[in-house]
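Okay, got some structures for you below.
Look for chain A in each of the two complexes below; its partner is chain B in the first and chain C in the second.
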Partner chain A sequence: MPKKDHYVIIGNGPAGNSAADAFRANDKDARVTIISDEAFSFFYRHKLPQFVAGNIGEDDLKVRPYSVYKEQNIRLRLGQCVDRIDPEEKILYLRHMEKVGYTKLVIATGGSPRILPSLTSFEKHLRFMTGYNNAIKLMPEIQKAKTITILGGDLISFELVKALRTMKKKIFFIFYSKCFWPVELTGNMSAKICANMKKKNIEAYADDTVETLTEKGNLYTLKTASGRTFKSDLVCCFLGLVPNIGYIIGSGIDTERGVLVNEFMQTNYKDIYACGDCAQIYDPKLKDYWISIGWSNAGLQGKIAAMNLLGSSKVVKPLPKSIRDVVGIKIQTSWWDHF
Partner chain B sequence: MADVDIVIEICGSAGDGTISSGEILSRFMSSQGFEIMSFDSYPSEIRGFGKCVAHSRISNKKVLSPGKYTDILIALNNAHAISQLHTLRETGIVIFDNKPPNYLEEDQSIAGWIEPGMISYGIPLLNLSQKASGSARGRNMVALGALAAIFGIDGEQMKSAIHARYAKKNKVVIDSNINSFAEGFTWAQQHVTKVDSYTFGHSKPKPSKEKKAIINGNQAVAQAAIDSGLHLYAGYPITPATKIMEIVSRELPKKGGVMVQTEDEISAIGHVIGAGYAGKRAMTATSGPGFCLMSELANLAVMAEVPAVLVNSQRGGPSTGLPTRNEQSDLNIALFGGSGDSPRIVLAPTSVNECYTCTTLAFYLAEKYQTLVIILLDFFLSNSIRNITTPVPPKANQLNSNVAPTKTALKDYKRYKLTKNGISPRAIPGTPGGMCISTGLEHSEHGHPRYDRNTHPAMTEKRFNKIQGALSEAPKPRWVGPKKNVDIGVIAWGSTAGSAHEAVLNARKEGINVAFMSTVILSPFPVKEIKKFSEACSRILVPELNYTGQFANVLSPHLSRSIERLNMVTGLPISAEDILEKIRDMAR
Partner chain C sequence: MKEKDFYFNKEQGHARAIKIIKEVRFSEDSRDYGYMAENVPCQDGCPAITNIPGYIRCISEERFGRSYELNRMYNIFPGVLGRICSRPCEKRCRHGEADLGEPVNICHLKRSAADLKSSWHRIKENLYAPTGYKIAVVGAGPAGLASAHELATLGHKVTVFEAMEQPGGMLMHGIPEFRLPRDILDLEIKNILRLGVDLELGVEIGKRTSLKSLLKDYDAVITATGCMNAFSANLPGEDLDGVYSGLDFMMRVNNGERPKVGKEVAVIGGGFTAIDCSRMAIRLGASKVSVNLRRTEENMRIDEHEKNEAKFEKIRIYGLVRPVRITGKNGRVKSMTMERTRLIYTPEPPFRKAVPIENSEFTIPVDSVIIAIGQYPETGFIDTKIKLDGHRIWTSSDSYRTSVKKLYAAGDCVTGATDVINAVANGRQAAQEVDEFLIRRKRKKRIVRFEASAPSDRKRSDDFIPQVKLPVLDRNSRFKKITNEVELGYDHESAFKEAKRCYLCNLKFEIDVDRCIYCSACIDVAPRDCIKLIRDVEVKKDGSYGDYEETTNWRNVVAIAIDNKRCIRCGKCVEACPMDCISVTKVELIEQDLEA
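Moving on to the complex of A and B:
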């Protein structure tokens, strides 16, 4: 009996799931496996702030129940991290020392927390919330903390502020208009944010650089360039995402900021495609690579990647009006426009 | 205090320290005030790398059964642990070695088999063990350390427990184990993000004022036998009864007794009958095939009216069968095994505590009623570790229950005198005037062989009648639940009784009108109580671990209604969940 094809998707977000669905819809017999380092099901990232605040439960986070995967015969390997890809041998090396072979591979590992260079020396004191794994770790700390400093920002940081207000926490919100993810804020927008926050008893400051961040007895002292001092029980950092591709570097798959793919989402290996926040997609018209962010973009790309791996030739087209230039990177922000 | 009821299984290969780490965990959690019920399963082959599982249910509530589903599975061996995954709860946890020496092929790691909803914590068991002890032998302790760190178990106190466990070993062994535990504990504290809700941390029960003993069924039997004045133990090793012999061989000589490892089981029961004839308390312990071998000679104790205590720890059969699996399929041979009409007393403890009390009772009854007393354990009960209130040793009047002849009787001593209650006063050999003949042939009151038409009926009736007295001296059948108008009555025996009891309590919480009865004495049979119970119930369910429903068949003639049966022969203890499901089915 011929060996079944094994379609493997790294990543359990919208891109990964739509790729898996497309594989299954078009090939009933193949093995389809999703591998994700998240220990939890496919979840709504924007709901994480309400989850850590205890306002919603795990079931509200889930996009779909586990039973869907069983019904579709899609194997879900959760809490498993791919350490290395061997594209020549078509083998994935998992961190727990297991080898998984594939016939076709979709890379959809999304993003990891973005840290500004000025903050890297304080990284050990910062908390992030890019996924379930760090949200669940953050949850008891947030419950316990009375005062929280948020370094913003991105849209999730706004969501967290909203959630923390329901918990009656004292909040300091420091944000960076030039580095706001995924679009820069204008002076007017920043002023408006500060004013609106103030009305809600939140101390908000725009563009004040962190000079020092120290910890003593679980109390964090943050001093800014303007001379302000903030003392809080927790410092959370929300500055968007960078493509999560560390494990790919050195494998032979071309990367730059993200995984480089052509307009068909194909990497420099014919059986490996990438999609979603981790991919840098070439646009022949722009003659440049662009990164798309956002849920619906990712879902669409995941489906196209899978279909093309199965023989189609669909092209991913960015909407020119939603392409923005952020710190020199071209980003499609339809997600932002509709938020 | 939050409710804690967690089942932990440690699964490894023989030589991985699976059973010893399970024992340490159980004993430690018991010392912390938790109720525990643990048992081990291990391969029957003496050499090799078969699968070992140490199963522990740990709760801050009363525990009656081992629990069907595992909450936390510690995998010391991938292949064996994968085969054990079917017992893991849908939201269960797996702790496994995420740094084996080489990459494993797809699906050879347990991580690949974990279903969505389950959570895995990868710990570098081998690396940490090598760092702590210079070898792979500390992997079990590393895993225990990680378990303690992740689930809120006091690491420092547990280190003391490990020290106590290996106190008799040399310093290298002690240090290796403790260091391995500490490595696992620290590593997990630093690297594991807990994403599950299981914890022992905030639920430590108040320390009990009662003095507790942590023992398994075999240990309870051995201790009870020694406390009951055992003079001679004779036996031939056989799983799962061997542990009784091991303990007795160590402890009995300290009390002046003798342990003889005989050439086979027939010789063992011969020794026991010989010692019993000489007026000494004697016992043997065996299992299925050994019990078969003994069954012929054991009849001599019945016919010659000699006290003999025979422990049979049941395992899967027939023949060599399943030496390390559980079954309750020796009831027929215990009750009826033997030529002729062969009445004997049969006791089947339902818990570790009753393993102790039944053994002391067995010696008392054997001596008083001058007959064979069989104690029916099973693999699960033999190996089930419980923390029980320290048993109270038998009182002085229980240490000698022999009905001795009066001086007048010795003037014309009739060893087998027909009396109202069937008990013939017994002169111990050497008693002046007590000389008599004892034989396996049918005999007169003086012991002389007699085959006439009157002697055998009279003596048969005497042998049956005399043991009826045991009914009033054994614990009354336990009745739990309402005394009348019951929809479903569950009757259980042996180790199944705990699961049945728990199932009935849970069913009652669900609003099902159900009651429970168990009996320790199976021969003579407590007809009156069982009948009364069955008459209070519309339907009767008998769960047991044999194919034919041996106990249900014994019950059936005494009941006016048919019996519904739940017979399982999986080799595993019957679970409360299985019985509850059957009760629900019946209630629908």
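Moving on to the complex of A and C:
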């Protein structure tokens, strides 16, 4: 009896789940496994600020219950980290020393926090919130903190501000408008955003940068290039995401900013595809590469990657942009428009 | 050595063991060379075969001077290379293997030995009797100086001819001072010259004197002229003001000039010179500097450390781009047009080739462009018929001999632009070949040395010490003066802590199967899967042992063996063995003096 195919998806976000669903829908017999280092089920990332603020519970975060995976016979391996891929042998090396073989692989590991080079030396003092793992660590610290400094440079930083206001926290907001992610702020948008925040009693400063950040007795002192000093109980950094590909580098799978894939989401290995925020996609019409951003794009790409792995030849295209309201300012983005 | 010589009496303790460490054995057996390559990978990875576990061990014993000397035996520039080495050893360090953390910071430790040794440290030279032979070395770069030093210790009279006004070659003129302070370089060069090496500066061969006359006046000549010609990118607009070759740019800065770079600088290339140029451009006032690669960051030949330092200084690295043309206004560069590339597979190394994507051009504004895509050797000074290999000087295989009698060549002029540690290793080996040619016999030979050793005092907890990061200057202090050294070096405590991470792969733990009673006591105390019940073992081409085939069925066990590739040198097995049948031997690849 021939051995069943084993489709493995690394990543339990929208791209990974969409790929798993497509695999199962088109191949009833194959083994489908999702491996994720997050110790929590598929969740809505945009709800994390409200979650850490204690305004919603874990159940509200979940996109779908575990029973769905059981019904679809998709194996979920949560809290398990892939350390390395051997594409020649088709083996994944997990951190807990287990080896997992696959016949087809989808890489959908999303993004990790973007840390500006100027902030790397202060990394140990910064808190991030890109997933459940770091959100759950941050939660008690946020509850305890009275004053919080936010290095804000993405949409989720504004969501956190909203959530913290409900908790009556004192907030300092250093607005990195010049390296805002994922869209570029134009004209006087940054000034308007700052002004709107100040109206809501948030100390917001645009285009200042961290000069030093020190910790003494759980109190963080942050000094900026313009000479301002902020003392707070917590410093959170939200400057967007970069493709999470550290474990792939050196494996033989081509990477640049992200995992390099063609318009069919295929890497330089025929049985390995990448999709979502971790993929850097070559567009033959554009004659350039683009990195997908956002939930809807990720979902669509996950489905296309799985279908193409099963024999289709669908070409991926970015979804049209839509408008989003950010602290009273309209920003055009295809990110998060699904909600 | 017989087994009984290794016998370690536990009751009499460490002192007894020390007493036994007198007898040594040397081997030229291919199996022992194979063992070294497999089991002491850092030393095997070092082109100069420096005794890395040995000098790291000295640091963990706070013997910094001895550590420096162990290094200097094979690498004449420990202080210099402790700062700028390309670290091939660290790529092979067992600590960097999957699941074992990050490699030991061997390079930083090398530097710590140079920094922390006593100011009045005694330099040790193994001098041979004067031979009366006169040898000329052309070029005072790392290869030339390494060969001059080796020749001088071998008793020859050496004269080094250098075209520049200062010795050091690329070390002096190519590498920025913020990576390599010149007082360190000067000191290590002076230590070479103290052996009576004559240095003639400002002497360009082919002008003041000729190669032919050197070949006539000297018993042998080594040319180590490096790679001092920069490759051109053959771009339209390359002759505009504000377009520099990487090497020329660095040489001008290192000679005290301050080339005008403007605010936006694009560097083309992904090697050490490209990164040095980009970091120097920031120091010269540029605010937006990019390093542009045809392939990707992953394929850059520099180490992660250099990349991270460049990124910390706000340099952006862009992959998959290729310059097409440079355009200017009034003779000065204004913009550069690039095109996108994509990677295709090639069957030969490096297995990936960047090919341009048609009609994918885009233009970026620039105030200056620095082209650092490699260098090639100057051979115009050779006034005699010589065989070349492309731009490089040809040498016969496994030799430094050129097609011209008495003329040898070493370093980048033979290999093309590589790195300093390769140049140093080349220079020494060329010198030994010249010595063999003149003396008509080998006087030094690489050999494996075995010496009984006490078990080390490594602890399992040492395996989990995180890599100790090297302190560096904060960003503002770096830019106050362009010569400010960025890396600050370890203090005693940090060096000691980092040294403790080393697995001491040169200690070979071995079970004498004839005396072993298969009690498994050693397996019980082993902190990891380093002691194995084996049914068979792979025998490699050179006769050395490879991987063990393990078994859990006692019926099939032919031996209990210690896998030195997994051993952490904790010595627990030696303590536990009721039969005292586990021996510890220090195994080193050394250069043996055959005159002794």
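The definition used in the following text is that the second predicted complex is superposed on the first by the 319 of 339 C-alpha atoms of A that agree within 3 Å, B and C clash if a C-alpha of one lies under 4 Å from a C-alpha of the other, contacts with A are read in each partner's own complex, and residues count from 1 in each chain.
The working rule: a contact is a pair of C-beta atoms (placed from the backbone, for glycine too) under 8 Å apart; a residue touches a chain by one contact, two chains touch by 3 or more.
Computed from a predicted model, the values in this text were never measured in an experiment.
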TODO: Could you look at A:M97 and tell me whether it touches chain B, chain C, both or neither (first, second, both, neither)?
DONE: both
Open item on the list: In the overlaid three-chain picture, which partner chain does A:Q80 touch, first (chain B) or second (chain C), both, or neither?
Closed with: first
- [ ] For A:K287, decide between first (touching chain B), second (touching chain C), both and neither.
- [x] second
Open item on the list: I'd like to know which partner A:D254 touches here: chain B for first, chain C for second, both or neither.
Closed with: second
Open item on the list: Contact-wise, after the overlay, does A:S41 reach chain B, chain C, both or neither (first, second, both, neither)?
Closed with: first
Task: Common interface positions of chain A, toward chain B and toward chain C - done: 93, 95, 97
Open item on the list: Residue numbers of chain C touching chain A in their complex, please.
Closed with: 98-99, 296-298, 308, 311-314, 319-320, 340, 342-343, 345, 352, 357-360, 474-476
Task: For the chain A and chain C complex, residues of the former touching the latter - done: 83-84, 93, 95, 97, 117-118, 120-121, 211-212, 249-250, 254-257, 260, 268, 282, 287-289
Task: Complex contact set, residues of chain B against chain A - done: 96, 98-100, 102-109, 111-112, 114-117, 119-120, 122, 193-195
- [ ] Spell out the residues on chain A that touch chain B in their complex, using ranges where they run on.
- [x] 39-41, 66, 69, 76-80, 93-101, 132-134, 136-137
